[in-house]
Each structure stands twice: as C-alpha cells, then as structure tokens.
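Heads up, the next two complexes both have chain A, just with different partners, chain B and then chain C.
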Partner chain A sequence: MFYRLSGVHHSSYKSDRKMFPVPADRNLVVFLLILGIAAPFLVPSLYLNSYMLPWLIWTAAVLGLNLVTGWAGQLHLGYAAVMAVGAYSAVHAAKFGIPWEFALLIGGLASSVIGSLFAFTALRVKGLYLALTTLAMQFVMDWVLTHSPAISGGSHASLQSPTFALLGQKITSDAGLYYVALGWCVLVTIFMLNLKRTGLGRALVAVREKDFAAAILGVNSFYYKVVAFAASSFIAGVTGAILVATFYFLAAPEQFAVNVSIQVLAMVIIGGLGSIIGSYLGAALILLVPGIVNKIFSGGADVIGLNLGIETLAHIPNAAYGALIVIFLMVEPLGLGKLYANVRDYLMVWPFDQLKK
Partner chain B sequence: MTEVQSSSNTDTPVLECIDIERRFGGLVAVTGVDFKIRKGEIFGLVGPNGSGKTTLTNAITGFYPPNVGSIILDGKDITGTAPHKVAGMGVARTFQNLALFNGMSVLDNILLGRHIHMNPGVISTALYWWLARPEEIANREIVEEVIDFLQLESIRHELVDGIPIGLKKRVELARALVAEPHLLILDEPMAGMNQEEKEYMARFILDARAERGVSVLLIEHHMDVITGICDQVLALNYGEMIATGTPQDVIKDPRVIEAYIGGSHGE
Partner chain C sequence: MGNNNDTIARLLQRNAAEHGDDIAMREKDRGIWMEITWAEYADEVLLCAAGFAALGVKQGDAVMILGNNRVRLYAGMAALSMLRAYAMPAYAAATLEELQHFVGEANIAAALVEDQEQVDKVMDLREAGADIASIVYDEGRGLNLYDTPGLMSWDALLKKGEVNLAKNPDLKTRLIEGSTPDDPAVFMHSSGTTGAPKGIVLSQKNVISGVRNAHEDGAFEYGEDILAYLPMAWVGDYALTVAAAITFRFIVNVPEREDTVQRDMREIAPNFYLAAPRTWDNMLTSIQVGIENSTPMKKWLYHFFMDRSIDAQRRTLNGEATGLLDKLGLLVGEQIIFGPIKDQFGLSRLKHAFTGGEAIGEDTFIFYRALGIKLRQLYGQTESSAFNAIQAAGEARLHTVGKPLPGVEVKIADDGEIMLQSDSIFAGYFNNEKATAEAFRDGWFLTGDAGYLEDDGHLVVLGRVSEVVHTKSGERYVPNYIENRLKFSPYIKDAAVVGAGLDELTAMVCVDAEAVGHWAEVNAVPYVSYADLSQRPEVAELLDEAFKRVNKALTEGLQLHRFVSLHKEFDPDDGEITRTRKLRRKVVEERYAPVIEALYDGSKDVHLKAVVTYETGETGSVERTLLVREV
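For the complex of A and B:
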C-alpha cells in the first residue's frame, strides 16, 4: 500500500540510482517540501520562528554529526565546539564587512580546518578513547572562548551578529529568516541523500563496519575518517553561523557548551544512526517535545483542577520526557528513523505480512 | 573484459615469497616459507588448523608484515606495504570468516570492490549529477558483468545481512573479482558448504581464471578441491613448509599424511 513497488521498473542504471527509486517516497518528500515552503503562510510567525526555524537548523546540525557518527562510526562529543568555531568566524567576518555569503563560507572552512586538524591527531585512538578526546576538544574550545576577549568579548559577554543579508538584500522578516534555515537544511539533506549512493558513502560505511575488510578493498580508513570529520565540521560551522545569524542574533560561549554537544548527539541516537528522516525526527523530539509535554501537563492539571506546585510542574514534564526517550529506544533501539522504516517496509508488502526486518 | 596486463616479462611470477618469517612475541607462526605463484596458476595452500596459512596471507596483504624475508608482487618488493596500498597494486582477497559490510545491499558491497578504480570525494558527492554519476554508472556496468557471471542477479538489492552463507561467500568472491586483481587470495572459500555449493564455487574459480586471467592463492581443507583444481600445492605444518609440488605428489607425502591424519602407531 502507498509504497508499492509493482509496476516500478527501472530500465537504466541511472534511473535505478535515482534519489528516490520508490515513487511514493518522492511524492511524500515533494509534499513535505511544499508544506515547508508554504509554512510562513500557514503557521503563525511566533511558531514559525521559535519552533520551525530552530528545528530546521538543528536538523542540519544533526545531519552533520550523523555523517561522522552514523556513517563513519566515530563518536563525537565536541560537535558544539566545532559549531562555535564556524559561528564566531562568520560573525567576525561579517562584522569586518565581508558579505554574509562569504562569511558563512569562511565559517564553514574555519570549522573544517580546525575539525580536520583535530581529527588528524585524535584519530590515532579509537572508540571510547576517541570520544573522550573529542570531549577534551569541547573543553579546550569552551576555555578559549571564555578566556579570549578578542574572540568572544569575554566570559560573560556576547557578540552581536550583524544583520543577515544575502545578495545585498538585508533579511529581517520572519519568513525570510525561515527560508534561509529551510534552504540550508534542504542543501544538507540533499548532500546526505547523495552520500547514500556514492563511493564516499560506501567507503565510510566500510570503515564503520569492518576496517580490516575496508583496507583490503583499498579504502584508507584514516583518510576517510579525516574526510568525514572535515565534511561534518564544514556543515557544523555553517550551521552554527546560521544559527547565530537567524535565531540567536548574538553569539555567546554558553550557546556552544558541552551540554549542547550532548544534546545533538542525543538527537542523532534517538533519530537513528545513519538515518536521514531520523535526523529530522530526533531533532524534533529533543527540541519540541519538552514544550509540548509541558503544555499537556500544565493544561491537564488545570482541567482536572489539580493544584500542582510550581516545582512539581517544572519537574514532571522532564521526567515524562525522559521516560519518552527511554520508551522509544526500548521499542526500537535503532531510533525513530528505523521506526518509520518498519512502517514503510510493512506497507510495501501489505496485505502480505512478510515484514522485512 | 580486458585481459589483465601482463608484467614486462611473462616469466615474472605474480607473487614470490622469499624466506618469510612472522613471529608474535615468542610464538613463531610462520618460518622459512619460500614459494612462487606463476601467472594464471591456481596455487593451493594446505595445512592443519594453526599451521600458519592465514598468517601467511596476512603477511602478503600487509596486515602482519613479515619479520624476516620479502614479498615480491609482479617483480616489485611490497614487504611491509599497508593493506590499502597492496589492494591498489592488484591483490584482492576474501576472508575465512566473511567480511561483508552489514547494512548495505549486495550491490553496494560489490561496488565497494571497485573502490580502487574510483575517485570518491566530498565535492563529487555534493555535485552528484555532474561529477559522481558518470563514474558510478561506468563502474556499475563492470559490477553487473560480475553479478551476471556469479549468478547473483536475484539478490542484487537484498541486504547482505539476510542472505544464506553460501551466497555470502559468492558475494565476497564477486567483490574481490570486480577489483580486477592480478592475484586473488581465497581464504577457505568453501568452508561450511555442501557438495553442490562446493562444485559451484570450484567452477567459478576455474572460470575466473579462464576468463579473467587471474592467478589464485587458494587456502582449503577439502582435499578433493585441492587435487581437483590446483596446479601447485604448498603444505604447512607448525608454520614450516613440509611439502610442495603438484597436488598428487603432496597428498602422498608421508609428512602431509602424518600432519593431517596422525603418525602410524603400528610396530
């Protein structure tokens, strides 16, 4: 049903390797894209800019981290630090008078250089040791930001971001900023979709699954791990810059602290390692569900006339939210993306119940 | 399929191992091993468990470089070269315990065998339609030839995790063959197979040599396979060469019989 494959015949290798070989997938994506473009006309601007926009930006960030953690299989606990490099470089470049298009590029490249330099040294160790080394990078970056007034303006200061502009047009409207976030998120998504069908993506998965087998096929695992870090850092840098330019409007060290790194990693794991749709869902769950749970609980307490203390009201949603994550991961340890894939696989063969696992 | 380029001198062996020794701490896994594989030859490597067969292949492919001795591939010394570079020089291998990449389709696994002939990168991935697609399609055509040759058409798009072991072994052979190697190292390609699957596999190995001119280093325990398809055989025991020559000579060698079956206890 919906996703049926009968009648879908690919007669060339080109069409067999289309981005969405199943027509239903393509139709769904087109539909969602139209919704995304129409969102400023459908959604009140408060929701647009405080929920939709950050969700799209964080999704781009999650996709970038997924490149390193989901595809290349390297645990990365310093992702926010890499985003910070991009954000600060871009804001400084923009303040210097460089147009934003180039400032974003500078941010991405700065992150990429620092990320790959770091990877070059850190990748001498593997697994949990690498995870701890990336955590060290996070702390080093935190320290540098809070202790160098030239970069951040000092420990409690923040750096005002110049008004965002593209092609000489200042972008200040809610819809305009939203479209910037949407555009970037779509670009990153297209890159990740391409990764699923190119030699680079295959080499990264090979490195993740069995590095000795990758080596005998001629895949230099060290090189491809560094490439993964460089590409992911570029995405992180530009995403960090866009986050500051369109959402926070100022850069401060605590926006890129260690808890942010953990949060992005949580989005990746809950969404599903190596899953693109999962990146969207994971970011949504971590970012949007706390607010929703909060509303449900305070609203629910009002309805049944329960007089809950302010303390209790603040803590119950947190507990419920934590429980929700545990439940999701118990139902499907491979994440929300896999949950979606299960439904899709089921519908593909419906009404026959040969559920592909 | 183009013929594999022959080295300048046709008499140059594809692989020559000179006095190989590999130790792990105090344990001598392989010592004093000396042999040549000529072009187009199927060379059998036999020996009881733990006799150093896999260590020897690991020495050749660069995972555990030999402590003593040298390895000459197509007239070039490759002793101590990293595995990913050895692959680029025309050596492909399969593993005793299968080393396919789970979570990928059969097709993607085999496409990975083309890695050394491709040039993947971030930019070409970002600009897939202009940069990566022509290369992907050209390599797909070569992969499809091998899929056709090994009769894997029906499982092309299956995830490799779920297919039976006999087919997994065949997918691994396909992945090694698409790299167009000069030397193909097969580490127990028939382990765990029934008679029919074994016959299929033996036929594929013979055809691969006939059609692609590949030389084969074959590790096997099945003596019927060794005598059936090998041109030369080397027997190892406790890391040392105990016999070498044609299969018929080697299986008659009393030391080989003793190593495999045990010494005679009669008076």
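For the complex of A and C:
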C-alpha cells in the first residue's frame, strides 16, 4: 500500500545498486534518523539516558554479533568477553592520557586481536564444538578479569572511566552522551548495510550457507571466517568501550559476564539472523520490554484493585516476558526482522496476494 | 506551431540544436535504461542516413524494417526519411508469405533488422527471389559465423556513413535539407481484415500535421514520457515514437524485450499511453485474476470501493450527478485500492490514456475510468496518420469518439459513411489506382466506417460499413460490438459472433488459457491441454454465466442462443486474426463452417478437422469433437 514502485528506473549500474531503491524505505529511514536526532528535544532525559541510549549501544553490539553469527554463520557464545577486552583496554588507554578517539580505536583493535586469536583456535571446530569453545573463551576472560588486579583492580573492584571527550571537548550532558551512542550505532548500521552489497558480504554468506561449497567457488572460507571474527570483535570492542564511557561510567567484570553473552545472542536470534532492522527490534524487545511489561502489570493490578504481593509482581512479568519471546519465535522462527519483512512484502503487493509473474 | 516546411530531419536537427542535452530515448539493456540525448540521436540518424546512402539506397527505394521496438530501428526510420526513401516496417512475427507480399510492391534495397531471427527471414526472402542487397542488424548475437553477402552490423553501417560524410562535405546539408514535406515518412500497410494488405505511404506532411492536430486538441504535451511497446508496423507506433516524439520532444522508452513490457512499464510509468482495447482488456483480466487470488479481506475492500466507483461512473455516463459520498469513496479508494493497483501496472503517472484501433467494451471503459484513469477514445486510421478524433479530457461519453481534431473535417456521406479531409490523409494506395479511386470521393477520404455527427459536433462511429449486418428478421447489429462485450469476461479471450441472415445469433469463443487455466487449478478441475480444458463441462458453465450476463444487456432479437468453445485460440499465423488481433471474419467463418452449421442444425456436437500452421511454417491437422452448448 505504501510501497509505490512505479516510475523507479535506473539509467546506470550505480543507481541500480542504491542502498534503498524503494522510495518508501528511504523515506522511513530518513524519518527514523530525524526522529533519532530530535530525540533529546522530544524525550525526557530520564528516558533518553536510561532507555534510548543503552538501546542504541546494545543495537550496535547486536549488529556486531550478527556479523559473525548471522552473516558468517559462526555461533559465538563469548561476545561479552570480547566487549570486555575493548572496554578495559580503552579505559586504561584513556586513563593513561590517550585521547578518547584513539582509546576507542585501541579498544577495538585489542578486541580484534584477542577475538581473532580465539577464532584461530575455534575455527578448527564447527557447530556446537565452536559454541563450546567460544563459551570457554568467555570463562577464561571472566577468570582473567577477576584475577588480574592490574586489569580490573581485583575481583570486586571496578575501574572508574575518565570523562568522555571527543576532539578535546568533554562530553557530560545527557544529550551529548546520547549523540555519541547514536553516532556509533548509525556508523555500525551503515557499515552493515553496505556489507550486504560488497564482495566480502557475499563471501561471508557463501561461507555461512556451506563452507565446502564456498571453497569450491574459490572463497577461502578460513580467511573469511577470521575476517568475520576480527571485524565483529572490533565492533564489540568499541561498543564495549562506549558502553562504559557513556552509560556505566565504570568497568566491572560482572558487566561482561556469561549471562550478558547469552543476552546479546538472544537479541540476535529474536531479531533475526542477518537482519539489520531485526537487530534494532531484538535489542528493544530484550532490553525495553521487561520494563514495559512490569509497568503494565503493576499498573493493571492497581487499576482492577488486585492486591498482588511483591513476589508475584516480580515474577508474573518475567513469565509474561518469556511467553512473549516464545510467541514471537513461534509466529516467525526467523525473528522480528522477518516479521517486519513479512509485513513489508504483504504491503508491497497490496491489494494482490503475491508477486505478479 | 511549427511552419509548413518542417520535415522529420529538420525537426530532429532543431531538437539537437536547442535541446541537445535532453534525453531523447532510453533503451533497457540488461536491466539498465541506457539514455541517449537529442544531440546523440540526431548524430546517429545522420550517420545512418549517410551509411544507407553509401549502400546505394536512393530516392524511391524501400528499406524493410523488421523486428521489435529498438532505438536503432527507429533511428533508421528517421534516417530513411532524409534519403527520401520508404521505411517499410513489418511485424516482428510476420511470416515469409506476408513479407513476400511486401517485396512485390517496391524495390527493397536493404533491410534493417533486429537480430539473427530476422536476418534468417530476409535470407529466406532472398532465396525466394527477392533482391535485397544489404542486411543491417542491431543485435549481433548468433551472427558471427554468417557469411551472407551484404550483411553488416549497425556499427559498420555508421562507420560507412562516417566515411561517406568525410568524403562528401556537402552531404550533411543535403541530407538535412534535401527532403521536403511531401516526401515519404513511412510505408505502412492496411491491416487487411478483408483481404491482402494495401500499401499506404504517409508523407512527412501527413504524419507531422497528424500529430500537430492531436497536440492542439490536447492529446499530449511537449516532453511526454512514453513507452515504445506497440508493434512497429502499426501506424500508432510510428505516429507516437517517431512523428510525435520528434515533433514534441518526447522521451521514448524502449523496453528490454517483448515479454518484459509489463515490468518495464512499471519502471517507467509513462505519462502518455495508447493501447488497443485488447491490451486494456488483458490488463483488466490480470487485475481481476489477481484480486480473485487475494485474501477475503482485500477482496472485500476491492469490491467495496470498486463497485461504488463503477456505479458512480455509470451514473456520470448517464448524465446524472454524483454525490459527495461518491467523491469521498473515490478519495479513500484511491489511497488504499486504486492507487496501489495503478502503481503495480505503471499507470500512476498517466495523464493521457487512450484506447484506439477498434471499439472498446463498455465495461472495460468504465472500469478504467472508475480506477481514476481518464481513459479516452481515439479514432483514427492508418490512412489518416492515426489521428482523426479524440475525446476531450473532461468528457466521459461512451458512444462517441469525441469531436474531430482541429484541422480534420468530417462529412457524413448519404449512405452513412464517415468522410474526412485533412492534411494528415495520405495521397492514395501505393501503386493501386483502383483502390485509391474507391477510397476517395470528390477529394474526401472514405473511411469505410459507418457513423454520424451528433448535434454538438461529436462523432459517433458505429463500426465498419462492411460489418454492419442484419439477422433474418432484419435486426441490425455489429458483431464486433457484441464480441467486445463477451470479451469483458476474463475467461473469454476471443469471440466470433455469427448470425448474419440467420434466425438467431450464436457465437464461437476461445477461452483465455491463463485465466481459465488458473481457475481450473484453484477449483480442482483436471485438464491436459488447451483443447481439453475448453471442452470441460465446468468451463462451459463458466462461459454460460458470461453469456447470460451479456444477453441481459442485449435486445430480444440479438441475444446469443448457443455457443461453441473452440479447441484452439485464434492465431495470426493461421490468418484467423490480424497481427493487431482484429478478427478476420471471412477466414474464421470459412474455417469453422462445420461449427457454424452445427450451431444452427440442432446437433449436440461437431467433429472438426482443423489445419494448424506451426511456427516453422509447416502445417499439420488436428481432429477434435467440440460440444455445442445452449445458453
């Protein structure tokens, strides 16, 4: 209904390969971007900094994990560990007096190195074995963090992050921190959008579908797997650093524990493997919906005058939230991104039922 | 308005000089619309003309144009007008026999063809004795091993032209200024529903004044975006993509292939679209089948808005006022139903939509108007450069074709035949004085159509003079009119109504393979072939409904009583319809004489032995028993 395609034609290959060939998609993206930029003027700062900001940062993390899991098809259970490497490296670098721009870069590169190192060992195995190996990496990293006072300051200590600054300007305002998160998230999104139309992206997909087949086509699957791990780890590292610098303000080992890895993976799977819009939706569902469900239940209980105990109030929303995830995955096993694509396809051919021959 | 000394060559040069950087043509190649500007186009035409001159094409020679719509073939047609030679377009699917008829008419010096398939045809013509010295092709695929004398690519032709221009410094001026408005623009052929096609030479003055008349009456503006999809041998295509395009600087979009037209149409979304009623009918069938396959909710929404809109259109046609509610329905319907449908078919930017070539069915006409497309009727002939009369944008009257164009005078002969006088009318059939004498009376051109002028100057066309027939009881009718009503049903592709001089009317119909095939699939009706499908009792019931609906709108004496669903579609290769899909009534009545007999002698079925022409030109025969159904 909203997708009008007539009159869209291309007189060069360049224009044919545009990122958003459908005007409605382009308009939607522009609209959302404007909304994102205007958010500090529209949303109270409490919501801005406790919902929007973490959502954008986690979306960037989900996109990074999607690169290795969704695109290259490699299951990764140690993603939080990689984020931790970036976060600690960047904070230490910043404490050392290195400007934040470079500190972030150092964080990203450090993650990239550690992530690829693990990839080398991990890539000898596949599937569940790979999953287990990455999980081992997570535990190794947890152990290293809690047992190396030089890095984390000790098992229950936390590391204060220096004030974030870009181009010599200290950024402390709510809006400023939000824009940093937005900028990084947009940057990662643009990278991922472009990845789809490059040779690298196609090679990754080939590796995902079947690495033997990809090898027969001349795609060096080992090389591309390492590239996928390295690129994804770089995104993880920078995201981890930004998370600490703009949201937590201090780094602690439990921020990057195994449950966080599982949570990011859940965001990827609920959002949809290999889906960009799905990454946004997945992060939103896991991150924001618990709060909303909580509010609905406590509010609803008040309205109908039901006097629920604190215990029940704490547990019912959890159950509802879990049920929600199950329902979403039952309706569309390929995730929220696919759900969105279904709606888009439906409207694309409206009022007909299928694409014309 | 331009002056009277304009020729195609001069207009093209003017476009190149004044609007050289504007897009003249787009041709889709592997998914990309390759654009050329007026300056490039004019250059290409000039080089092509010089090339043909080097090949020895001179005044009075003809060059055969064979193939589907291609930019280079259009450029070639424009170039030939510079050489004062005849560009003779033929249908891409024309058979050897049809082409041989052309060869006999004029001295064909060369052929400009699309691809290998057409090169083969020209070689067959040569073998059959035609003396065609050169063959120029556009698409070289499959031709690299050919060593036929005189065969060359388009690029080689342009190269020759370049050399020729360099050798003769005054050639360029001679080519541009040499032709006069009275020189030929194109060599067309009458459609030949009643016999062999007759040669029709339209002069440059004819075609240019034809499109100027149409422009003056608001048929199109300067710079329309159009899709060049009509067969090149149809006058409508020449008038639009060459004459009007050059005179009014259209952007001509040439689709990639014949079978990508629908998709390409959506990509371009033309401003101006002229189609034969058949094409409008086909599109209507696609829409109806598409909705039929849709979900109940969307079906309901479609019918909710469409039925109301059609109703409102009918009332407008009857001269009744439409209420506020209708307007509201149209507004909302446009957003959620009509707009998306038009978008799917590339009709959303359409400002000037025309149907021409033959009468359009009332239901089809109303459907498109209800969809919000200002479909207008156009009346014209090959002999008069395609434009005689058009409906004004605001009026929606079904029975008239609008007022005659400015510059076209209309008179009705005593016997009811429409007579015309205009600059756009040709001088006479090529080398056929007898036919020419029959076609003109006191300087008026006899159209062969019966009609009358209404008091407010609107022209009403009833049908071909030769087609108005009477039943035994003296009831007057035009078979074509009833056939068009039958064809409104998505399940009927072609129909032939018989009954001239007989007690009652009956019909032979060909079912639409796609629509009925799909219906059969959905309704679990098994079938193995078209012939089998056409005889299924379930299909007969489907057709019966269509006949009952048509009968409701017909007067008592003209109702259809029986029908036979034929075992094959009418095919231009079998001569049953023309390439523009007009019924060749004589051929059909002759070929299906046993069927017609069975329709009237009360038999329940008829055994038919039909001769089929295969695409290779070989013939075979098919035997079938067809059932006669009562309505």
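A few points about this structure:
Keep this in mind: the second predicted complex is superposed on the first by the 354 of 357 C-alpha atoms of A that agree within 3 Å, B and C clash if a C-alpha of one lies under 4 Å from a C-alpha of the other, contacts with A are read in each partner's own complex, and residues count from 1 in each chain.
Keep this in mind: a contact is a pair of C-beta atoms (placed from the backbone, for glycine too) under 8 Å apart; a residue touches a chain by one contact, two chains touch by 3 or more.
Since we're looking at a predicted model, the values are computed, not measured.
Superimposing the complexes on chain A yields a three-chain arrangement in which chain B and chain C fit side by side. When the two structures are aligned on the shared chain, A:L56 is found in touch with neither chain B nor chain C. Of the two partner chains placed by the overlay, only chain C lies in contact with A:R4; chain B stays clear of it.
By the document's definition of touching, both partners, chain B and chain C, reach A:Y13.
More chain A residues lie in contact with B than with the other chain of the pair chain B and chain C.
In the overlay built on the shared chain, the residue A:L285 is in contact with neither chain B nor chain C.
Contact with neither chain B nor chain C is seen for A:V264 once the two complexes are overlaid on the shared chain. Contacts of A:L123 after superposition: neither chain B nor chain C is touched.
By the document's definition of touching, of the two partners only chain C reaches A:F352; chain B does not. With chain A fitted onto itself, chain B and chain C come no nearer than 6 Å, counting C-alpha atoms only.
Shared interface residues of chain A, touching chain B in one complex and chain C in the other, are 13.
Within the complex formed with chain A, the residues of chain B that make contact are 61, 63, 82-88, 92-93, 95, 99-104, 108, 111-116, 118-122, 124-126, 128, 132-133, 135-137, 140-141, 144, 162, 175, 179. Chain C contributes residues 26, 31-35, 262, 266-269, 286, 290-291, 293-295, 298, 301-302, 336-337, 339-349 to its touches with chain A in the complex.
Only residues 1, 4-13, 16, 349-354, 356 of chain A touch chain C when the two sit together in their complex. Residues of chain A that touch chain B in their complex: 13-14, 17, 191, 194-195, 197-203, 205-206, 209-210, 212-221, 227, 230-231, 274, 357.
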